[in-house]
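Attaching a single structure in structure tokens format; questions to follow.
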């Protein structure tokens, strides 16, 4: 809006390099993709089921991560609970854990013989592993830290005195959070949700370990890609490109919603 | 309804010690130089700043351990703090909404208040699209819309332009005189304080240095700051009958005899300037040097150094006749009847 | 298939330097042992072992990984390498792996044989159809005329094993070597149709590797009697 | 600082649930860990090499991602380059791409026969894959999007008028960026860097594909975990716990630096 | 050095059309009601706001397509915009540093400026730890420290307290009179404008409504806004000799005969109030009703409606004697010699 200013070269050069670094490998895939076989690869059974399941589960996982993660971020940024430094570090656990191990950990807790899963099973007859909800849980587990840390960063960068102003107008904690804090950090939450959604969409290790791999109920695109890789790497590239293009299309379409103009 | 507060706040390099007792319906103006602790006082009363020691009681009810959103308080912030994502209307409606008023009703209330501050036409503008003065008026409307029992105003008129200001001031005055709560008003403007307040509390470096009715304070300032604020020459000294020996050097004769430590005060307009020592009735005459000259509308204010140093208001004609330029030597003359002396 | 170009008993003079071996993850223990023995037999050599999923390793090779030897867990992954003309000789089958039914310790679901895999009430896990152990399992079920009702397909044999180890599945189809490696946590049940579903492990030297002499010597060592002894101890069958 | 306010229950409950969701699986691992064997497992050769390599590579990858990613985030948040929506979506590519496929894409570009790698090889004799720098590149590729999106969110939440003020004081684009923008969004950058570091530390698929699995040069902890998983799952759990504890310790120790107090 | 600017800015609901020609060394005060476009003008001159049409030339050099950081401009923002992460000293040193001055030297310059605005003791404080007035003074020092050729001040004294304000104003005045660049000063305060400016430009709703020297503008306001600002009663009318028929109703007699459209102006102090129609010399006398009463220091300002409506300043004694309360009917009387008429 203020116009006139050109991006300084010292920023432009690394920015373009960074973008190239992220995008050129994609270009490499496009160049080497087996274009002649694309149609037959995409017509293979299960591809579209896997894509649909991926999109649905990633979206549900993002919703779950947002509902639990934004309050957690708020707790880290705004309250003075003791041991915040440790809590923040613990939040990063699922990031550092190799995803397969994360899946094992989830099984240890929520599996048939897991700490909690055992009771879920005997009391309610609920068995989570190898079900679609397990896919959502596994993806949310892996994706939530991204959301929490991104939102916490945005909360810290925002001016907390608006919350003071809300308090003097009689707004309690929850009302202030909903009407003031949340809209103020909306760009940060949007960024965090995109991170979480994208990460959930690409999740493989935790999902296959905790939720398994069954076409139609738990086989997501990355799992289908992995399977294809085993026999025919070219098909794996085609499936990956499909996943990419769909996710890019979704993100571009959402743009106007998740990037508040202003 | 009445406020009884004892506040102690300690920060590195600053400490606040303040006792405030305000009756229902009374408006107290908090005056003081920059950094005196005025904003700190308001934030403390609103519960946004922890009190290191002390208490706040409103109408017998302990307020100091009540969280800010449960205090029946309205605060206009010095830098407005309008919610940037809400329109002017939604900003004003925020308080009523937070108190559970249904949306439509809250909007009606808000529209009403915007009307009163003359901004009905900007109801849908976001704060970024408001000018400074417009923003301040919205902030005022926002605080008033919750009908608080303790109203705290931090320089509520500072950004208003000269044409709106009298109106908003008059409006605020009308509102405040109908208001049966307690109001604390921070201002730098003597006129605002005079017009709006029932009582003035002067805060300097975190301590109360003077307190009283507007006219009392204006007539008998007890600190340099207040004297400048109300435009009087103020000197502290020791009186023996009608002679006052000034602490800063020099002597003055007054028409109100006293004994012991006193303040003397007289307006700049009471100071006459002569090129030589004048003969005649005025009992106070002493040599001074012109330090600075400022044109104030139709009068010229001359800053004079001497024993004592004083301000004098003269006509532009006198400036030309006396050849008043910085450095010029002249005589200052004040009639004894103009010098008001009161216990210090 | 021409390992004899360097005489096997010749002095170690020509066999030296580093030999980089890319091997399927299921060969981790056996190849680690063989590497040490090879280094002992040919002083001056260093065997650099790198394990990964056969498909990952194949990707690395076709993209120019500087390695001398590739030992894959399935002919199809080896085929990716030979199709890309990255193998310098014909691949040789050096071991075979036989399927076993894996059940959690103590066999709580009382699995007895292949027919239990058709019981929809049990939690059953198999390898994905296209990975080596999945292909083999399909063959076995076809031979037995049984349609299995799995609850999940593991991405690889390890995923299947993990599921069984943790008791999440009542039975899974894995390799005998995996059951042995898993120790007490998992019990293995043999079944007759396993004979019809043997999986071959091919090994080949690679064009990109600079140490062709060393590569050939290592492949020969794997195929030697001493090498084969190591594999049988781990539960592999010989070709 | 403003004291008095208690976190509202509507925030506290989901926050605690969220934290439990992230932390309880870790507890599950701790409960089931083979405590008696820990000492011998940790004394196994290569464990500490892998840990050191992991820490070094993750740190270098974070530095690379920060140097390239912060300018890219700035470009997305502050400039008006055309097609920003598309660029932002493209940045998420490495998130969505299954990591193994990401590794393949890197090989297609930087491999010896890759689009760029070919020339690197023939002109300069440089071959990146299967070297320690390749580990750094693979980790940076996967981790950078987290940093970019987190920093962009923080930039959007920050007040851009301070940059106006800097311009009127004669500060050019670069100086303004360095002295004003950067410090203002420091919490966001810190959060992004932590995200990137943790993600890089846990990276497996892209690394093993692009950099291989060579003890000492490219075998990071997650790869060592993968290898252990093949022969002895309990050791894998021990190694994962080691990785976790070290990373939590690092994050807690850094706390005072990456979370500006106030 | 001189500024020549033609600015056109269009926004929904607001448009600015402004021609500014300012000589080197001249200080122009931009006055106007809230939302008139004063801040917009300064932002445009600084290059922070795009001009939809027009040009800006400083000393013959085209400025309008130069990016803001290359313009030799200093701007004090209405809400200060001090960098929150830098201390007061670093804030002031920022400009010199950005211009390539070495760190130590920049700090010396900054310390010097902080001294001048009386904040040397707060050099190490962060903006959050400064009071409103302290922040404004730091912002002033920050803008001055780059020694700009075009100095833009957006209400630079608004947050200053009554005791610092005259000093900072005098300091600013001294600085500005020694300053050979171009200065545009936005203010709401008539006194600031009178003291500091060589010329006044009045902006209302994005258009210039009056322009002239401070005394010229003060003596002969041409709009309601300016009249209120300088405290005069202003009416527009048609003159035929010494009789002026007012556009808003009523008639006035003036001592300065004219013909055609005129403005008439007279100060509130020239209005006398009587309970009944007085006999005597004053030629202007008409019935009015008391609308509002405000105490201003020692005088009382009475707002009167009638034909015409006027403001009157009277003594508190008069208020009591006449029983002035809102709604009371009295007669307003003005001597013809007090009524100044000038072409409108």
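For the reader, a short list of remarks on this structure follows.
When the chains are written out, they are named A, B, C, D and E in that same order, and each has its own residue count from 1.
Operating definition for what follows: contacts are C-beta pairs under 8 Å (C-beta built on N, C-alpha and C of every residue); 3 or more make two chains touch, one makes a residue touch a chain.
Here's who's who by UniProt: A, D = Molybdenum transport system permease; B, E = ABC transporter ATP-binding protein.
Every value quoted in this text rests on a predicted model; they were computed, and no experiment measured them.
Shared contact partners of chain A and chain E, listed by label: B, D. Number of steps on the shortest path from chain C to chain E, with steps defined by chain touch: 2. For the pair chain C and chain D, the distance between mean C-alpha positions equals 33 Å. Measuring from the averaged C-alpha position of chain B to that of chain D gives a distance of 55 Å.
Centre-to-centre separation of chain A and chain C, using mean CA positions: 35 Å. Of all residues in chain D, those that touch two or more other chains are 2, 5-6, 100, 104, 108, 114, 164, 167, 172-173, 184, 226, 229, 233.
Across the assembly, chain C contributes residues 56, 59, 162 that each touch 2 or more other chains. Residues of chain B in contact with at least two other chains: 47-48, 67-69.
Residues of chain D that touch chain A in their complex: 2, 5-15, 17-19, 21-29, 31-32, 67-72, 74-75, 78-79, 85-102, 104-106, 108-109, 114-116, 140-141, 144-146, 148-150, 152-154, 156-160, 164, 167, 172-174, 177, 184-185, 187-192, 194-195, 198-199, 201-202, 204-205, 221-222, 225-226, 229, 233, 236-237, 240, 243-244, 247-248, 251-252, 255, 259-260.
Against chain B, in their complex, chain E makes its touches with residues 11, 31-36, 38-39, 78-79, 122, 129-134, 137, 154-155, 158-166, 170, 173, 188-191, 194-195, 214, 218, 224-225, 228-230, 292, 294-298. Contacts from chain A toward chain C in the complex involve residues 104, 107-108, 111-113, 129-130, 208-209, 211-214, 218-219, 223, 226-231, 233. Put simply, chain D touches chain E in their complex at residues 161-162, 164-173, 175-176, 179-180, 183-184, 186. By the touch criterion stated above, chain C contacts chain D in their complex at residues 25-26, 28-29, 48, 50-52, 56, 59-60, 63-66, 158, 162, 165, 181-182, 185.
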